[in-house]
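In the two assemblies presented below, subunit A is common to both, partnered first by subunit B and then by subunit C.
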Partner chain A sequence: MGADDYRRTFAEFLATQPMTSDVTYEQVATAKTRDDLGISSLNMILVLVNYLKERTNDTVALRPEWVSRLTDMDGIVSVLREIDASMAAPARA
Partner chain B sequence: MVHLDVIGHDEEGIQVAETMNETTTLGLTPEQVESFKENGFIGPFDLYPEDEAPLIWNQALIEMVTSRNKPHNSTVINYDRHLDCDTLSRVVTEPAIVHKLASLMGDDIICWKTNVFEKNPGGDGTGWHQVETHMLYESETVAYPSIRYTEETKAVTQELTVWTAFSNADKDHACLRFIPGSHKKWYYDETKPIGYDVQSKAHSFFGYNFSELQLDKDWNPDDSKIVDMEMKAGQFVIFVAKCVHASYPNITRDKRIAFAGRYVPPSAKIYENRDTITAFGDTIDLDYYGTVLVSGEDRYGYNRRHETNMNGVPFRKVDRNGR
Partner chain C sequence: MTPDHDEVGIGAFASALGDLECKPENIPDFEALWRGVSPPGADFATMGCTTFRKMSGAVETYVVDAVRRSLRAADVSPADVDHIVLATSDPTVALLPPDFAVDVLGAVGLVDCVPHLLSLQRCCSSISALRHGWHLFADPDVSHVVVVALDFTPDDRERLRTYAVFGDAATSCVLSRRDPGLVRLLSSAVYVDDEGLRGRDTFVSRQTVADRTLSSVLRASGRRLEQITKVFPANLHQPLTLFNATAAGLRLETLHYIDTLAANGHCGNCDWMINLSDYHEKVGIVPGGIYLAQSSANGFYACGLLEGSAR
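The block that comes next holds the complex of A and B.
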């Protein structure tokens, strides 16, 4: 998936979350930072926790190193990409 | 003198020397104690590697957000998340901290409160202030102390704050500032009620205008004596809150992150006769409240105490013999 696809996926997920349900795809497509979307740092972590629950059924845990990357959209997209990669990776013995 | 200490047995039951005596290696030197007596603060000291500290804080954030055992629901009063976040439970009981506190307070120590101090990019500095009983300013006419000290002490002090930086905190990133020796004299009357107005620029002490409490309205800190406590992520400084202190504004694009633990001996009474506390325009119920014994014994029983955090994880207690 390309960056634009991840932005669309992210926008669709935000629409399902009570605290971000009014965020539109157009806003996500043009946003540079999380602040542009009106999402606080703690709410962003909560969004990602819920995203992991829905997308991975909690088989992928939120990693501390991801949290620092959740301030700008490029960072958020890179984290979503890593989550997909983690799901695709074979389970370790 | 540093010496090896026999602390355990290996798998074959043979006693082995595993570690230095922590009291000696992690406590303060006599010179550091003297420096603290003179200045009212000592540090910075290393706690976590600079590159690990932000990740430790990120883990704490994850725990704060996902906690099922929050001590209270206030988003304004950011107290006491060491009670429900395992990572912060470990921070307040770190031997590298507790042994230094014991050098100044004696062996019996409780952690009575923690605060999160985040300064967003562009955030204002914190104004000069000094406190001892940590007054809570409920309204413009009502204020009450958090702490009542019930006895004198032979130790250097009865009250200490440990301020740990989880991001770099240099002058541009809102580092702490101290006036050395200012703990020997009152410059402010912390007991007078003051109003809360987070919108006012004059209210530079977390929404309060602490300068209203200044005893000599003409007093200004001597710039030549101010110490700027620049710290790297993962370092901490110890100070007595009566030492006049402040912080620079954060003029960078990075958030400055710090976590403060507050410590007193068990002879101090915390939130005496209170069921709730009000601060920063919000009120929380104290049903959750309890202190954490981080070292020594509590011979008084004045305060509720948590043996485990709210997730059921036991709090570490430092053994001053290093065992």
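The block that comes next holds the complex of A and C.
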């Protein structure tokens, strides 16, 4: 999936969350930062925690290197891609 | 640290929590207050705080109780205490009565003891107080120093915040020369996040100040992050506590705070001492184990790296 597809994934996930259910795909598609969507830092943390839980059943843990990328939309989308990629990667012996 | 400082042990931790156990949901206008400080629709139940403790009496009563219990546990006479270092957050300073220090000294019987107050570093003040208390041993005549943390919120409507639910407590510990105590201080540091001080902190600014502080205590002590057995953090909302720890590179399994957060909420400067005491009671601080007392607040990050004393 490309970055635009992940913006849709992110928008679809936000729609399932009570804190962000009003955010539309059109808003996500054009936003540059999460501030543009009215997503506060606590809100972003809750969204991310819920994403990890629902998409990976908490088998993927938050990584320190993701933290600095949770402000602008490109960074957020790249984190979601890495979470899903971590989930999809085959387990190593 | 001088060789003399290696002889200084820290122990006899005591907590005087607010005597009333209250539920956040019973705070008048709870729903409206929570909506006002949280993201829309955020579930309060996921924040990890079930009850908080409230002081029904004057704060001096709880401070005196904690200090008396610490001195009894350390088997130190009040007359032999050289200094008492009190730490509290900025808003609480304004709530202390004018004769607060004199009242505490008199009630405990600290007749030859110099009082100090450390504040202006929000909930990081108590780690600076521990650091200050430790440095007082540079004077060879100093034998015993008591460090006290206290924080309380008189108006229940002020307890609910974006980052925590505030509870009331006073905690104390005793630093003694030539007594191993429970732990010794390997290193400590507090740093400022200027953007945080101005209310403009970001994930990056918070992570930067955490990295800087942790790097400082590890470098000064010659220890590595992986050697830390347990972390005694500030009891912020659970998702925030976990996120902040991850951002700082701390392993989540090393955090000890869940039960005390659930029972007491965030008792400001007292949290690290409450968490350390709870861990020692349930698991036990072991000689040679490496422990991190940690606190964070808007604009500050503080760490004290501790080592379990050989006893």
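The rule is simple: the second predicted complex is superposed on the first by the 91 of 93 C-alpha atoms of A that agree within 3 Å, B and C clash if a C-alpha of one lies under 4 Å from a C-alpha of the other, contacts with A are read in each partner's own complex, and residues count from 1 in each chain.
In the analysis below, a contact is a pair of C-beta atoms (placed from the backbone, for glycine too) under 8 Å apart; a residue touches a chain by one contact, two chains touch by 3 or more.
Predicted, not measured: the structure shown is a model, and the values here were computed from it.
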Fit or clash between subunit C and subunit B when superposed on subunit A: clash
Partner chain(s) touched by A:18 [first = subunit B, second = subunit C, both, neither]: second
Partner chain in contact with A:46 - subunit B first, subunit C second, else both or neither: both
Greater subunit A contact set [subunit C / subunit B]: C
First (subunit B), second (subunit C), both or neither touched by A:30: neither
Those residues of subunit A which subunit B touches in one complex and subunit C touches in the other: 41-42, 45-46, 49, 62, 64, 67-68
Complex contact set, residues of subunit A against subunit B: 41-42, 45-46, 49, 62, 64-68
For the subunit B and subunit A complex, residues of the former touching the latter: 54-56, 58-59, 61-62, 64-66, 255
List of subunit A residues in touch with subunit C within their complex: 17-22, 39-43, 45-46, 48-49, 61-64, 67-68, 70-71
Subunit C residues within the subunit A interface of the complex: 38-43, 46, 162-163, 202-204, 207, 237, 239-240, 242-243, 246-249, 252
